[in-house]
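Each chain carries a letter (A, B and C) given by its place in the written order, and its residues are counted from 1.
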Amino acid sequence: MATAQTIVLPGDKISLSALPTSPNPNKPLTLGPGLRHIPPSTITTTIAGALVVDTRKNATWVEYNSGRYTPSPSDLVIATVHSSLTEAYNCTLTPHTPYATLPQLAFESATRKTRPILAPNSLVYARILSCTPYTAPELTCVDPSTGKAGGLGPLKGGMVFEISLGMARRLMLGGAKGSVVLLEALAEKVAFEVAVGRNGVLWVHGGEGAQGIKITLAVGRAVQEADEKCLGVKDQRKVVEKALKGL
Amino acid sequence: MPREADISANEREFIQQALRENIRLDGRPFDSFRSLELSFGDEYGVADVQLGKTRVIARISAEVTAPFPDRKFDGIFNISTEFSPMASPAFEVGRPTDAEVILSRILEKAIRRGGALDTESLCIIAGTKCFSLRADVHIVDHDGGLIDASCIAVVAALQHFRRPDVAVEGENATIFSIREREPIPLSMLHHPICVTFSYCDSGEIMLVDANLAEEQVREGEVVITMNKHGEVCQIAKYGGTSVDALTLLNCTNVALEKVKDITKFIQSKLEQDAKKRDVGGLMAELSAENAR
Amino acid sequence: MSSKAVLSHLHRADGSATYSQNGYTIIGAVNGPVDVQRRDELPEEAAIEVNVRPAVGVGGPRERHLESLIQATLRHLILVRSYPRTLIQVTLQVRSLPEEESAGIGSVLTNSSLTLLPHLLNTAFLALLSASIPLSTTLTSAFVVITSSGKLLYSPSSTDILRAQSIRSIHVFAFSAQRSLLLSEGEGEFDVEEWEDACDLAEDRCCRNAGIAGENMDVDGEVMNLADFLRDVVKEKVVKEQKWKTAP
C-alpha cells in the first residue's frame, strides 16, 4: 500500500532516507516510472508528480496523470488496425505514433487457414509482448504460456471512449485499490461488456438496439465524468444514480 | 505525411446507429450548439471563443499603409488562418490541409466579401493613406466546428476592436496613439455568423455544430452564413451526396434562429466587457497619477 | 504583476500550459513522443521541434531565431535518449503582449526579441511538465535590464522601462534547479562585471533560496522566486489529479 507521498519536480534527488527499506535485504529496490538511477547511488526524478513509496514491495515510483501513453511490456491495450501486411497487422495505439505490429497468427488457435481477418479501422484488445525504444511494439492476442485468448481478440460493436491514463490504471486496479465503484454499481442494474486499454481507451458494449446504445453511452459518459472531475467513491455513486435514471 | 487518424469502424458504426435512433454522443438534440463561451483580453480586438472543447482566438490589428491603387477609397482588410501543431500534430506549419483551405475560404466569403466591415471608413487620405486591418485566427484546441467558432471569434473581435484616432489637415494625417486619444470602434455594416450543418443519410439527418467524431462520420456539410436580419451571405455545401432542396430551406430557418441567439450572446458579452473596462480604465488612470 | 500558470487545459495536445506575467500571456502545447519525419529523424535521440507563433501575422526571422535558442536549450533538458527516432513538438503561441509593446511605443523593448524569450522558455517548460516528458532538471528563466545609469532592473514592466528612459543592455538567463546556467543571451553594451551582477540577480530570483523565505520578497512585497512558483504549480497539478484519493 502507498504510505508516503511527496511532490517532486524533475531533477530532484531522492534522499536515501526517503527510499523504502525492505525487511528482506535480498529483495532488490524497484524503481518505477519517473525515476532514474545515476550510478553509483544517485536517484533522481524525471517527471513532476507525487512520489509514492511502497515498503512491502520495496518499490518507489512517481505518480502522474498527464501526457501521452508510452507502451510498456505486458500492458493491455485497445489498438486500432491500420493496415494488413502479409504476416502481421499494423496497429495504432495512440494517434501519430509508430505502428505496433500484431502477427496474424497471434490469436487463439489461429493457423494459416483459420486466422481472423481484420478490416482496417477495426478494434482489437491485445497485450504488449515486447517493446524497446528502438523497435515497434509487438502485440499479441494470446497468452503465450497457455495459448488461450483470455478475453483478448477483436472487439465487435460497441463504442470507445477516451479516458485519462490514470483512470485506465485505476480501472485496471479494480474496486477497492483504485477506488472506482462505477462499473460494479452500474453492472448491478444493467448488463454491458467493457474492456480497458492502458492507452487511455475504454470500450463499452451495451448490447444491440436503441436500449443498447443508451446503456453504452450511459456507461461511457459516467466513467468520463468521474475521470474529468476526479470523483471519489461517494460522488461516483451519485453519477451512477443519475446515469441509471436516464435509462 | 501526417494525417488525422481515422476513427475506428466500431465508432463510425456506433455513431451512425445512434444518430438513426435520434441520439447524439453528448446527448444534445440535433439542432443545438455546444456550450459557447466568449471572453475578451485586456487589449482591444482579442476574442477568445470556446465551443465545447474547441477553442479559437481571433486577434485584430491595424497599421497604416497605402491603399491598393485600384481601390483608392478603401482600406485593406485581411483574414489569416494558419493551423499550428498545437491543435493537432496532423497540422503542419506551412502546409495547409484541406480543412484549413476551406476555413479560410469561408471566412473570406462570409466576412470579407460579405461586406461586414465598412472598408471605406478605413480610408484616411484617398490614394495615399489607409488603415490595413488584419485578423489573425489562432486555432488552439480542435474538437470540430472550427468554421462556426472562428467566424464568431472574428466577428466578436471586430466589434471589440478600436482603431487609433486620426486627424487630417490637408495632405497631412496625424495618428494618435491609444494614450493620446480615445480609440474609435470600427464601423460594421452587419454581423454575419456561420452555422454548419453536417448531414448523414443523404440529408435525412442534419446535425448542428458537429464535434470532431461526428465530422469524421458525416457525408458532407452545409455552411450557411447569415445575419440576424435573415439575410443569407453565403451557402457552401461540401461532400458529394445530394441533399433535398426542402431540407436546405429548413436549414436556413434553423440557422436564423441560431444566428439570432449567437448575435445576442456576443452583444451581451461586449456590453459586459465595456462595463468592466470602464471601471478598470478609471482605476488605471488614477493609479498612474499616484505613481507620478 | 505576479506570474500565473494553468496546466493541461487543452484537450488535444498531450501537454499544455498558459503562462502569464507582466502582461505577457503565452499558450504552450507539447505533443510527443510522436512520429518523426524521415528527414528530421535522429537515430539515437528524440528530435525537438519548436514553433513560436506571434500574436499578429506569421512568423519571421525573429521567431526563427527564438525557436533555435529555445530548441538548443530544451535539447539539454529533455532526456532525448529515452525516445530515439521520435519527435517532441513544442508549440508556443503568443496570446498577448504588454500594451506598449503591441502598440509599438516601448522603443527598446520592441526592437529586441529578447524580452519575449524568458516567457517563452518558462511556458515551454511548464508545457513539458504537463506532457510528462522525462526531463533531467527544471528550468526557470528571467531577464535583467541594465539602464544607462548602471542600475539593474529585474524583469521590469514596460512602464518601468519608460520611466528609466534609456537602457544600455538586456540580458536573458535560464537556470536549472542545481543553479547551473542553461542559457545566457545579452544585447547591448556591457562589461563583464555588469554581466556578473545581472547574472547574480537573475540567479537569486530564479533559483530556490536556501536561506530565509523573507529574502525573496520584492520591494512591492510580492514573492518573485520562480522556483517556488514552479513548485506551487506542480503541487496544484498533483492535488487536482489525486483528488479521488482523498474524496469521500
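The working rule: contacts are C-beta pairs under 8 Å (C-beta built on N, C-alpha and C of every residue); 3 or more make two chains touch, one makes a residue touch a chain.
Chain by chain, the UniProt names read as follows: A = Exosome complex exonuclease-like protein Rrp40; B = Exosome complex component RRP45; C = Exoribonuclease phosphorolytic domain-containing protein.
These numbers were taken from a predicted model, which means no experiment stands behind them.
Chemist: Going only through chains that touch each other, what is the minimum step count from chain A to chain C?
Modeler: 1
Chemist: Of all the other chains, whose mean CA position lies farthest from chain B?
Modeler: A
Chemist: Taking each chain's centre as its mean C-alpha position, how far apart are chain B and chain C in Å?
Modeler: 31
Chemist: CA centre of chain A versus CA centre of chain B: separation in Å?
Modeler: 39
Chemist: Any chance you could list the residues of chain A touching two or more other chains?
Modeler: Each of 96 in chain A touches at least two other chains.
Chemist: Among the residues of chain B, which ones contact at least 2 other chains?
Modeler: 2, 89
Chemist: What residues in chain C touch two or more of the other chains?
Modeler: Only 31, 34-35 qualify.
Chemist: What residues of chain A sit close enough to touch chain C in their complex?
Modeler: Interface residues on the chain A side: 7, 9-12, 34, 36, 44, 46-50, 63-68, 70, 96-98, 133-134, 166, 170, 179, 226, 230-235.
Chemist: Over in the complex, which chain C residues touch chain B? Could you list them?
Modeler: For this pair, the touching residues of chain C are 10-13, 16, 23, 25, 27, 29, 31, 34-35, 37, 49, 51, 53, 55-58, 89, 91, 93, 95-96, 99, 102-103, 105, 159.
Chemist: Touching chain A in the complex: which residues of chain C?
Modeler: Residues 7-8, 14-15, 31-35, 79, 82-86, 129-138, 176-178, 230-231, 234-235, 237-238, 240-248.
Chemist: In their complex, what parts of chain A are in touch with chain B?
Modeler: Residue positions touching the partner: 80, 92, 95-96, 119-123, 155-160, 203, 210, 213-214, 216-217, 221.
Chemist: Where on chain B is chain A touching in the complex?
Modeler: 2, 4-15, 17-18, 21, 23, 25-27, 89-90
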